[in-house]
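Here come two complexes built around chain A, the first alongside chain B, the second alongside chain C.
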Partner chain A sequence: MENMGHMVEELLHELSVLPLFSEHVGTFTLTNYTFFLLIAFTVTVVFFAVATRRISLVPKGIGNVVEAGVSFVRDGLCVDILGSENGRKYFPFIGTIFFFVLFNNLIGLVPGALPGTGTIGVTVTWGVIVFLVYNTIGIKKNGFFRYMKSFVPSGTPIFLMPLIFLLEIVSHFLRPITLGIRLYANMYAGHIMLGIFTILVAISLEHLSPGSAVTGGLAFAMRIVMHGFEVFVAVLQAYIFSILTTVYINGALHASEH
Partner chain B sequence: MEAIIPKVPEVLVALASFVVLFALLSKFAFPPVTKMLDERAEKIRESLEKAEETRVEAERLLEEYRVQMAEARTEAAKVIDQGRTVAENMKNEIIAKAREEAEAEKVKAIEAIQAEKTAAMSELQASVADLSVAVAGKIIGQKLSAADHAALIERSIAEVGSLNEK
Partner chain C sequence: MEGSLSVLGAGLAFGIGAIGPAIGIGMIGAKTIESMARQPEMAGKLQATMFIALGMTEAIALLGFVLAFVLMGA
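Let's look at the complex of A and B:
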């Protein structure tokens, strides 16, 4: 049991932000997470570089995959929520979010790797980018004062206006944080769970007995099932991050209609 | 607590990588893919429209052929009817003509028979007269005067004539 506690501690240490080539995390230090983030970046660039060369009127192989992905995000997400014109206009931004988050999440499922999205620094940064982008869109589309005015729904009693405005402002400022924490927490928790089942299997193998064989077998089966489930979570979280971004942009575009 | 405070290097890498990736994807990756998707959608739309046009044209042609077939059937029935009428008329004409010819032949034959009969009767009357005279002469053993002859002949002829009339 003591051994397990030690292993869990080790797992948590491995999943914490660690500098790769130095003792401490400085301003320009490469960490374990940013290392895999850059790998995910490279994989994303290579994937699109290869896939865009293979697209044709009758797609095949990787061309099919990239077209299905782009079509899913552009038509099934952007155009559906923002309409044809705005959907196509903002697709590059939303598409970049979707594919970058997806590739980071999936890279983290390769044994020994970590997801770039498994650290709050990365996910909240992207949340802030989304926050800045959708507010800029809202201000450009409606003008600063009309956009600010949209924070108070029409028909609100005058004495409640300051409170509602404040609440809206707070809720807007919470959006990048909730976006970031949701993604980070899902990825981080998923990896802890996979790590725990791996530790259980390891301990069962270490102290081999009929009882531990059963426990180990179950833990191994759960490890496999959870790995499959994490693939689903990886796609789902990329989708959630993208759909929320799209919804925020849509809200900003139609702010003056509220 | 430390785990939930964003670290500066992560923020910088996340920001830079996102900006660069956005620039790369929106410039080089997404345009060809979305262009191909739009082209394909357009092509599919055109194909569907063309297929619809072809279907409408095919239905129009089918309807045209149906009308033509119906007209042809009506025309054929008309031609058959006309043919039947002409044949019927011809048949009647032929029969009528045959009847006329047969009637004429019959009349001709009756006339010929009648002429033959008349001739035969005349010949018979002459023969009967001669024979009667001869027989009467033999029976009564005497010669008859010319006046008796004549009277006798007249009477015989009259008798033969009445027989013929019967």
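Let's look at the complex of A and C:
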């Protein structure tokens, strides 16, 4: 059983952020996670470049997939929440987030690869970008003072105003953090779970007996089922990240109305 | 055995902290299904709202997750 402790330690070591090369340029080092982040970036760009190279009214082959995805994000997400005009205006930002997060999550599920979203530095950075974008939109749309005033709902008793204002500020600053941690925690925990099932299979193979063959077989079946579940989680997390971005933008746009 | 108490604390922080959000997520799911059964034509809108509510509930559980990591280091 002490073998399992070693294996779990090895798994956690494999999932931690490690530099790929010992040399570094300034403070920049290529780590295992940034390596797969760059791969996901390349895959996203190449995939869309190839799929939209020949645009026709009736898409062929891979174009169908892209059209389905794009219209899902544009109509099901942006237009539904933001309305037709604003939805189309902010679709490029939200769509980029959705597909980049999606490709990162999915590439992490290729055996041997890591998700670029599996480290907190990356995901909270994206959360901060979303935070800056939606606040900029809110300030541009409403003006700074009206946007600040919208943090306190009208009809609040005057002695409660400072408290409510403070609470709203705190909740706004928590948004990028929760946005990032949600994505990171889901990807990281999912990979630990897959690793644990793999370790269970390895342990039952080590001391092979009729009993361990059964448990090993069950663990192997669970490992495969969980891989399918992780694909679902990857899509779901990309969807949640982008739908929350849309909701935050919508709140900033309509800040002065409540 | 050094630091084992902080590991215990981390486990408890996340475990107990996840109870509330778990109940909340269950209630969100149940109520969404209930509403969808009542008004199937609203299913799309309800689903989008459900995911927003899920995201906000999940955030509370995630605070416990972060606290667990902080305690592990302590």
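Operating definition for what follows: the second predicted complex is superposed on the first by the 252 of 258 C-alpha atoms of A that agree within 3 Å, B and C clash if a C-alpha of one lies under 4 Å from a C-alpha of the other, contacts with A are read in each partner's own complex, and residues count from 1 in each chain.
Everything that follows uses one rule, which is that a contact is a pair of C-beta atoms (placed from the backbone, for glycine too) under 8 Å apart; a residue touches a chain by one contact, two chains touch by 3 or more.
Quick caveat, the model's predicted, so the values are computed rather than measured.
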Superposition on chain A - do chain B and chain C clash or fit: fit
First, second, both or neither for A:Tyr147, with chain B first and chain C second: neither
Which of chain B and chain C A:Thr178 touches, first, second, both or neither: second
First, second, both or neither for A:Phe98, with chain B first and chain C second: neither
Partner chain(s) touched by A:Val247 [first = chain B, second = chain C, both, neither]: second
Touched partner set for A:Leu57, first chain B, second chain C, both or neither: first
Superposition-derived comparison: chain B or chain C, residues of chain A touched: B
Touched partner set for A:Gly121, first chain B, second chain C, both or neither: first
Minimum distance between Cα atoms of chain B and chain C in the superposition (Å): 5
Chain B and chain C footprints on chain A, overlapping residues: 181
Contacting residues of chain A [partner chain B, same complex]: 16-17, 25-31, 33-34, 37-38, 41, 44-45, 48-49, 51-52, 55-57, 59, 66-67, 70-71, 74-75, 88, 91-93, 95-96, 99-100, 116, 119-126, 129, 181
Interfacial residue positions of chain C with respect to chain A in the complex: 44-45, 48, 51-52, 54-55, 58-59, 62-63, 65-66
Complex interface listing, chain A residues touching chain C: 76-77, 80-81, 174, 178, 181-182, 185, 239-240, 243-244, 247
Of all residues in chain B, those that touch chain A in their complex: 2-15, 17-18, 20-22, 24-26, 28-30, 32-34, 36-37, 39-40, 43
